[in-house]
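Two complexes are shown next, each including subunit A; its partner changes from subunit B in the first to subunit C in the second.
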Partner chain A sequence: MSTMSNWKSKLTSSLFILPYFLAFLAFTLIPIVYGFIISFKQYNLLDPVHPFVGLGNYKSIFTEGTQENDLFFIGMKATLKFVVFSVPFLVIVGLGFALLLNALPAKLRSFFRSIYFIPYAVSATVMAVIWKRMFDVTGGFINLLLAKVGIHEFDPIPWLLDSPFVWFALVVATLWWTIGFNMIIFVNALNGVPEDLYEAAKIDGASGWNRLISITLPSIRPVIVFVLITSTIASYNIFAQPNLMSNAGDETKVLLMGILQTAYTAREIGSASAMAILMGLTIMIASIIQFMITNRKE
Partner chain B sequence: MKSSKIIYVLLAAVLGIIFILPMLWMFSNSFKTDVEVMAPEFHLFPKEFTWENFQTIFDGGNVDVPIFRWIFNSFFVGFAATFLVLLLDTMAAYALAKLDIPFKKTLFALFIGSLMVPGIISFLPQYLNFSNFNLINTYYVLILPYSGGALGVFLLIQFFQSFPNEIIEAARIDGANKWHVFTSVLLPSSVSIVTTLAIFTFMNVFNDYVWPFFTVTDLEMRTLTAGVAVMATGSFTASYGKLMALATLSTIPTLIIFLIGQKQFVQSITATGVKQ
Partner chain C sequence: MMVKLKSLQMIGLTGMSLALVISGCSTNKPANTAPASAAPAASASAAATKAPEPAKSGEKVTVNFWTPFSGNDGPFMKKIVDKYNASQDKYTVKMTIQPNGDYYKLLDTAIATKKGVPDVAIMHLDQTPTYIAKDLLTPLDDIAKAAGVEKSNFPDATVDYATKDGKWYSIPLDIHPLVLYYNKDLFAAAGITKPPTNREEFVEDAKKLTDSSKGIWGAAMPTFWIQNFLFPTILFQNGGSFLDDKGNIAYNSPAGVEAVTFMRSLTTMKVSPPTIAQDGDFNLFQQGKSAMHFNGPWSKDAFDKAKINYGVAPVPQLGTVKQAVFAGSHNFVIPKSTTDAKVLAGVGDFLKYVSANSIDWADSGQAVASKVVRDSAAFKAMTQQQTEVAKEFDYVQFAPKVLNWGPISDSIWSELANALQGKKDPKQALDDAAAKSTQAMKK
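Coming up: the complex of A and B.
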């Protein structure tokens, strides 16, 4: 009797998780598994049959001269450039804004927090069109302002056309859009540092800079690692900024652009899936390496 | 006030102005005439104020921008997806945190593990699945995929686990069944975390770009966010005033929700487990 009611209880409990489990199965787990299967097939959207080709798609990505090879490595280069240019700023500027907020009089804190966080409410497409308009060669805010103060008045800077300007533009747009989020994570971390640590340091006569280096940073180290890894993943997945802002061609043709072009323009879903899986694996490996290096015990 | 404080306030104010400027520029450009918007002269505010850009967008005769339909689509998809996520995620998190279910550890590991898998891996197969069921260009493809995400469950579990078991047991002794415990004991105590998840989900869905852009090609089925991308690379490529007017229109809803829910939002980031 008791095993019977226990069995019944488990059944009614399971009903609570069943709807989500089905959604998870249909829209998360099956697509992930299916993604690996497709990557082993020659899957052109226009073909009626999709033969199994083993590692064929992966091989052609690493074979010089194929279109997949071009798109993947041009994309990898552009994506890695963006990660290297953006991530240090996303972490350091985010922390800087948090420190600045905490140094303000309490009454002003929530006001400025709102101001810096507002761009987070803007969609990726709006963010991109706003900043395209900011950096436009003619009629863009920045070049007009520069001309007004007499800088590059007759030879406007090609912000969205050429390296290195285009990277500057993409990083600035990204910082504006997402720095508020990192800032709030850092503010929370800073508020968790025990006050008595600072008091003791003050008595010892440590300067503000010394307190930052020897107390604040070590205390919030796990949060710095968290922001570093999440920012790296976000930057690795960059798409809207180069796709909608940049006119710099291959220089800013990031991985997601290459993958989506392979899937929706060339209609080669198999190759695109193989590229997506390689992209996914590299970002997972990169995250693990970052985590191991930053968590190393001295 | 100490002089160092004054310097910090000044610095914060300058940065604040820099942060507001791009949105101000969008706003001001949307009220400029076609001529002024392209003119190589710096005017922070329009010299000649015009509603023309908004009128063109709202004008029913212009088939290019079915703006009311886009607004409806964005809100409908945003609310439907948020409702679905809240319903499924709260029930699942309750079961995982407080009930005795088979394979609990396996399921939990599976859900958390899925958070580590980059979205691009499931993007194309997800598209194919919907395409095979002929659901491209429908509301289903715009709404359903969000319900399979594990982030909400993860967020809620942490909160539900800290809910005292004694209160649940007391309610059970009083004769409440599991469903009653869920709806009249647990949920009323979780309003803040559920609101947080609602704001997060709504903004995420409303502002999503890549998925709605590639799964919907029918102009009438576009969302505002995807619509901005369509117009930016299409009819409005050279009409900056109109593009900025459209961008302004599509930003106002989330901006309002964001400003109202901001406090909740900030607290929620604390609650997502980013602790020391």
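Coming up: the complex of A and C.
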């Protein structure tokens, strides 16, 4: 009797994961395996046959002087720059907003939580249009504002056109767009810190700063690691912001832009797949290293 | 493992969002509705297989027709198709407007999967060599002959371009060369009576028109988009070309360097602003703050709506050797997969109708390719724009007739922007671009 019900419950739980499993199969696993196979072929979209070239596509990525080599390493450089510039802010500002929010009276808290979270629900296009108008060189809000107070009046700052300004603009737009998500995660983590720890510390005369360093941060450590890793991955996948906003040439030509160019302008799906596989591998390795370093002390 | 999966998934997702974005932007960015640029980098999309279904109506034959006219030009083509469908009862042309930015990706995917390939499609002239080389287009000679469409009805430049091994592959709808837009009010205020025709007049007028106290520039020069038309125009006018006789990259010649140096000099002369972002030149003209502006015929609508008192003129001879202008052209092509004789007859009939009745297309601001239409009283009575554009037909030049010109030329535009913004020496920038173009050519 008990084996029967056991079998039944197993079947029921299997049925529950079936929809996800099918979607995972159709939209994730099969495309990845297929992409992996394509990466070993010379796959031009307009050719009737796609010959097998083994590691040829990978080799040409690492051969100096080929277009794939150029696009891959220009893209890698731009992408890594963005990761380095954006991730610290994504984590620190997200935590800062969460702390501020938690310091608010309970009634205001949910109101401001929604306000900070709204940009996260906005589409990439809308985000890009808004910030492009803000940072536009001629007639952009920020340059007009600066001109009004007499800064760079006749020599507008080339936001979106030139390094280092373009990185500032991209990081600001990204923060505005995505910070709500990290903030919510931190807010939930902060709510999980036992209140009595703070009360005990208060009685012992610990300052706010001491309480943050000695109680809050150690308590939410796993969440910080999680946010750090997800933010790194998200930043590594940067695409919409530079593609829609900036015109700084190779400086902000990130990896995904190079992959798309290879796939649909040059129509070389095989090379593009090889680049995408390498991109996936690198971020996987980077995340493992990150996880190991940040978790070492435990 | 999750991490890797996620990252790969993102590629697809970002691709989708790009597709949305490119079509979404086209209302506030006229550049996007512009034809003839290299196929923009686009994305994977499930919509690719969403092809029109075959007709079920008894006797009428359905002809599936794809166009990239997702901008202001769409309704003009729709009018032609509607009129054609009403004019006879043998064929129904079913037009599908695909997003301009995704057009070739959708077409390529349809061809690669052999699903939902259109019976007849619009293709930019500079894309045709790639599709002809891959043996994906049907020669039109027989169909044209049967329908009574004459080669002589179209400018030689387009017919020559679309002919390979004696076979004719595409029938032009229009030719869209670069044109000069000028602000008539600002011209009158500066006491200039007619638009410039050569470099000396252009520079002289630009200096007269510039009024820094009012923030008005003589000619705000583009650094990004429309350079795809302007740089080739001055390059050709200087006697240069993209490729040399042997087919090697040659735009970094002295003719090319001179063209860039000249454009840059307008900034140092202070008749063009020190920094111009994407579309900055377009916005300044639209706001009445730049007196002269280079763009394509498709911009007419935007300037009409902005209510500027503008005129249109052929591009002055800014180069030192000869008059020339770079142009694109929309063409009708028939994919190889269209084999049904009835459908082919329908395509022929439709193309014959268009070549005699494309006057509605001229309403969009374009100058049509058909001589019959251009010689008609209706065309001659059109506003100044279309007739001025047609004047340039005698010396138009197109992109090189080579496989994959899109990816080959891709590197030019960002390097050109570097030089025009003064970040790089013109010669250095063009050499760097040429090295990349040569790489892309090796494919």
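Methods note: the second predicted complex is superposed on the first by the 273 of 298 C-alpha atoms of A that agree within 3 Å, B and C clash if a C-alpha of one lies under 4 Å from a C-alpha of the other, contacts with A are read in each partner's own complex, and residues count from 1 in each chain.
In this text, contacts are C-beta pairs under 8 Å (C-beta built on N, C-alpha and C of every residue); 3 or more make two chains touch, one makes a residue touch a chain.
Not measured: the values here are computed from a predicted model.
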Partner with the higher number of touched subunit A residues, subunit C or subunit B: B
Touched partner set for A:L80, first subunit B, second subunit C, both or neither: neither
First, second, both or neither for A:S114, with subunit B first and subunit C second: first
First (subunit B), second (subunit C), both or neither touched by A:A124: both
First, second, both or neither for A:L104, with subunit B first and subunit C second: first
First, second, both or neither for A:K148, with subunit B first and subunit C second: first
Contacts of A:N237 with subunit B and subunit C, given as first, second, both or neither: both
Partner chain in contact with A:A206 - subunit B first, subunit C second, else both or neither: neither
Partner chain in contact with A:R267 - subunit B first, subunit C second, else both or neither: second
A:S13 touches, of subunit B and subunit C: first, second, both or neither? first
Residues on subunit A lying within both footprints (that of subunit B and that of subunit C): 27-28, 31-32, 35, 123-125, 128-129, 136, 138-139, 233, 237, 239-240, 244, 256, 259-260, 263-264, 276-277, 279-280, 283-284
Touch list for subunit C against partner subunit A, complex: 1, 3-12, 14-15, 17-18, 20-21, 24-25, 28, 38-44, 104-105, 108-109, 111-112, 130-131, 134, 136, 224, 273-278, 280, 283-284, 404, 406-407, 410, 414-415, 417-418, 421, 423, 436, 439-440, 442-443
Subunit B residues touching subunit A - in the complex, by the definition given at the top: 1, 4-5, 8-9, 11-12, 15-16, 19-23, 25-26, 29, 37-42, 84, 87-89, 91-92, 94-96, 99-102, 107, 110-111, 114, 116-129, 144-150, 153, 178, 182, 203, 206-210, 214, 224-226, 228-229, 232-233, 240, 243-244, 247, 250-251, 254-255, 257-259, 262, 266, 269-270, 274-276
Contact set on subunit A toward subunit B in their complex: 9-10, 12-14, 16-17, 19-21, 23-32, 34-36, 38, 97, 100-101, 103-105, 108, 112-126, 128-134, 136, 138-139, 141, 144-145, 147-148, 176, 181, 184-185, 188-189, 192, 219-220, 222-223, 226, 233, 237, 239-240, 244, 256, 259-260, 263-264, 269, 272-273, 276-277, 279-280, 283-284
Residues of subunit A touching subunit C in the complex: 27-28, 31-32, 35, 45-47, 65-67, 70, 123-125, 128-129, 136-139, 155-156, 158, 160-162, 233, 236-237, 239-240, 243-244, 247, 249-250, 253, 256-257, 259-261, 263-268, 276-277, 279-281, 283-284, 287-288
